[in-house]
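Chain naming follows the written order as A, B and C, and within any one chain the residues start at number 1.
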Amino acid sequence: MHHPQAASRDDAAQAASDILVRLRARAPRVHCITNGVAQSFTANVLLAAGCVPSMTLSAEEIGSFVASAQALLVNLGTFDAERREATAIALQAATTNKVPWVLDPVFVDRSEPRGAFARELIVRRPAVVRMNHAEFSALAHAAPSRDSTMSYARSNRIVVAVSGETDLITDGQRMASIANGHPLMSKVTAMGCAGSAVLAACLAVEADALRAATAGLAIIGVAGELAAERSSGPGSFAVAIIDALHGLDAATLIARARIN
Amino acid sequence: MHHPQAASRDDAAQAASDILVRLRARAPRVHCITNGVAQSFTANVLLAAGCVPSMTLSAEEIGSFVASAQALLVNLGTFDAERREATAIALQAATTNKVPWVLDPVFVDRSEPRGAFARELIVRRPAVVRMNHAEFSALAHAAPSRDSTMSYARSNRIVVAVSGETDLITDGQRMASIANGHPLMSKVTAMGCAGSAVLAACLAVEADALRAATAGLAIIGVAGELAAERSSGPGSFAVAIIDALHGLDAATLIARARIN
Amino acid sequence: MHHPQAASRDDAAQAASDILVRLRARAPRVHCITNGVAQSFTANVLLAAGCVPSMTLSAEEIGSFVASAQALLVNLGTFDAERREATAIALQAATTNKVPWVLDPVFVDRSEPRGAFARELIVRRPAVVRMNHAEFSALAHAAPSRDSTMSYARSNRIVVAVSGETDLITDGQRMASIANGHPLMSKVTAMGCAGSAVLAACLAVEADALRAATAGLAIIGVAGELAAERSSGPGSFAVAIIDALHGLDAATLIARARIN
């Protein structure tokens, strides 16, 4: 078994950059069930990353969109009957067509029905669940640490990606941490949602979910750092991160990724 | 009773700047029932002002979001069954938990059912109703003037804030006017909606609704002036106003606010 | 009958610039049934073009909004029960009040129910159907060429506008082609949707649907070229195209439009 924590920093960055190159080359279709606040920014982030985003929620057609996509994102940022029904159909299509999917249980710490729905979805085996500290704590009943995230990943047989000042990514056996990103990322709405979409995009071109999640978070984190250098606040930062993601090349990613 | 119209311009600007400082310090949660066009921009404006925005409309969970928020915005820019139901539940939670709320009766002049719904909501006693000239005229059956706004505020026991070249804010007894802002503000969609959200945020940290409304409109107006200095059109202006709001400090607000 | 293909390039550009001048002078109301991803960007594009956009989907009030608008856009980017019902009411109001409308059958190539709905709408005689290559191919069962687009326009008695590296616009007898635009336009979500909205705006001030469609696509294409000169990626491009559209004057449009 491969242990990234034993691998050199250079190997992990190289793996992420290989995934970025494949993203650009293959332009995968990524279908997103996401909230109204995040839809436009998420679509622009996916386009900048080289993907073809789609966002429909209609029960009649989400099945065909997911079936012809290479990855699926389920974001709980708007939790309503329409999106619950869309999610049920989308997951059936994802299972049938072996489309990997990411769960982003947004604000699961603020509402009990949302927490219950997230738990039901985790049983359906997303490839990756991406959360912030509060969301992990609400679902796992423990603060995020190396031990608690590994244990939660192992018992649910998923990859857990907890974003924060240092991102932690684990499949229950292997563990990666990423020290990229910038504080302005928390000042732009839907930045986390868009990060989860990039992570889903990486799953579309990389079968190893731990490597895909690591690459996704490193890519958005490095783009954030590049954007911060050209911004004078969260407004210009949100614009600059799209430019940075669009212009990001393998060499820059390797030079700036801080993966351990 | 305190009469801002008698107070010096410096006192009013100082009060607004105190509210800005409290906003930054307390990072209040502001829940928004708003239209799909405005959600993303409104969330980014609230984040830039230092708040924690939430936007869910789900009947199952909007009650808990409002109960744990410090202010609520009800914007009628999208008027549908889902938002009407969400509004009913949200107002019940707001009443129970004494969460102050702002009504923004967008486009009430363009549709009679919307006007009727707005009138029902005004009976429920929002702390502030924020309108433009056409919306005030449709609801109050009179052009906005010092007399008509005071009379409408008094008879409905609300604070009325009418935005325009000069904003008028009155609780029926006291009156403030603000001469900040920039014409580009009317060229960006949801700018008024975002202004109402900032006003709601000020209510979260200031119990006097007239002072809160005055501060909210002064803050967004001054941010608009700063943004216009760095813009070359409405696209860059919408970006720059987020940056300006994020960077706005008490000294700049005091120096630039034109409150009478 | 007037044949633009026989007219000089200068005449066509002059006609487009006359339409731009009327847009600025009349500030027409344009109602949009469009998807959640596109609403905000579309509204900002219409404001920058000098129009008054509205976006409500509510069954109770969309009729009055359309009846008091000068043009209507029906975009299928989100295909759900709410928008189908809104479309039925909107088209009735458009027919009664002779409001011209544009159909944008987004992603009709990705979902069969959406294709069937688009075909039903085309029978209702939109003034213009604006599509990309894949969407035209799905509806017309032929790759877009001068012959296939003219034949499809003639048999459906509509103006067909197919965007691509060169845009083709035909009413079945006359044909115009436009060589403006920039590759970054395909890297911004909802850019095509916003282009269709500008086209609808032109229909609000020009009765000849072929001339209106030609003007709309030339305006957005020239704005895209101007924006690309000031952008460093798709994020700043999306901002700059709003600025460019807002600042675009008749002389620049005449100088840069490449209409044949």
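Simple rule for what comes next: a residue touches a chain if its C-beta (ideal position, glycine included) is under 8 Å from a C-beta of that chain, and two chains touch if they have at least 3 such contacts.
The shown structure was predicted, so the numbers you read here are calculated from the model rather than taken from an experiment.
Asks: Considering chain B as a copy of chain C, what rotation angle in degrees (nearest 5) results from a C-alpha superposition of the former onto the latter?
Replies: A turn of 120 degrees brings the C-alpha atoms of chain B onto chain C.
Asks: Validating interface symmetry: for the copies chain A and chain C, is the fraction of residue numbers used by both over half? Same or different.
Replies: Different residues, largely: of all residue numbers at this interface, under half are found in both copies.
Asks: Mind checking the centre-to-centre distance between chain A and chain C? Centres are C-alpha means, answer in whole Å.
Replies: Chain A and chain C have C-alpha centres separated by 34 Å.
Asks: What parts of chain B, by residue number, touch at least two of the other chains?
Replies: 36, 40, 238-239
Asks: Name, in rising order, each residue of chain B that touches chain A in their complex.
Replies: Per the stated touch rule, the residues are 36, 39-40, 43-44, 47-48, 53-58, 60-61, 64-65, 68, 82, 238-244, 246-247.
Asks: What residues of chain A sit close enough to touch chain B in their complex?
Replies: 35-38, 40-41, 77-81, 107, 110-114, 187-190, 231-236, 238-239
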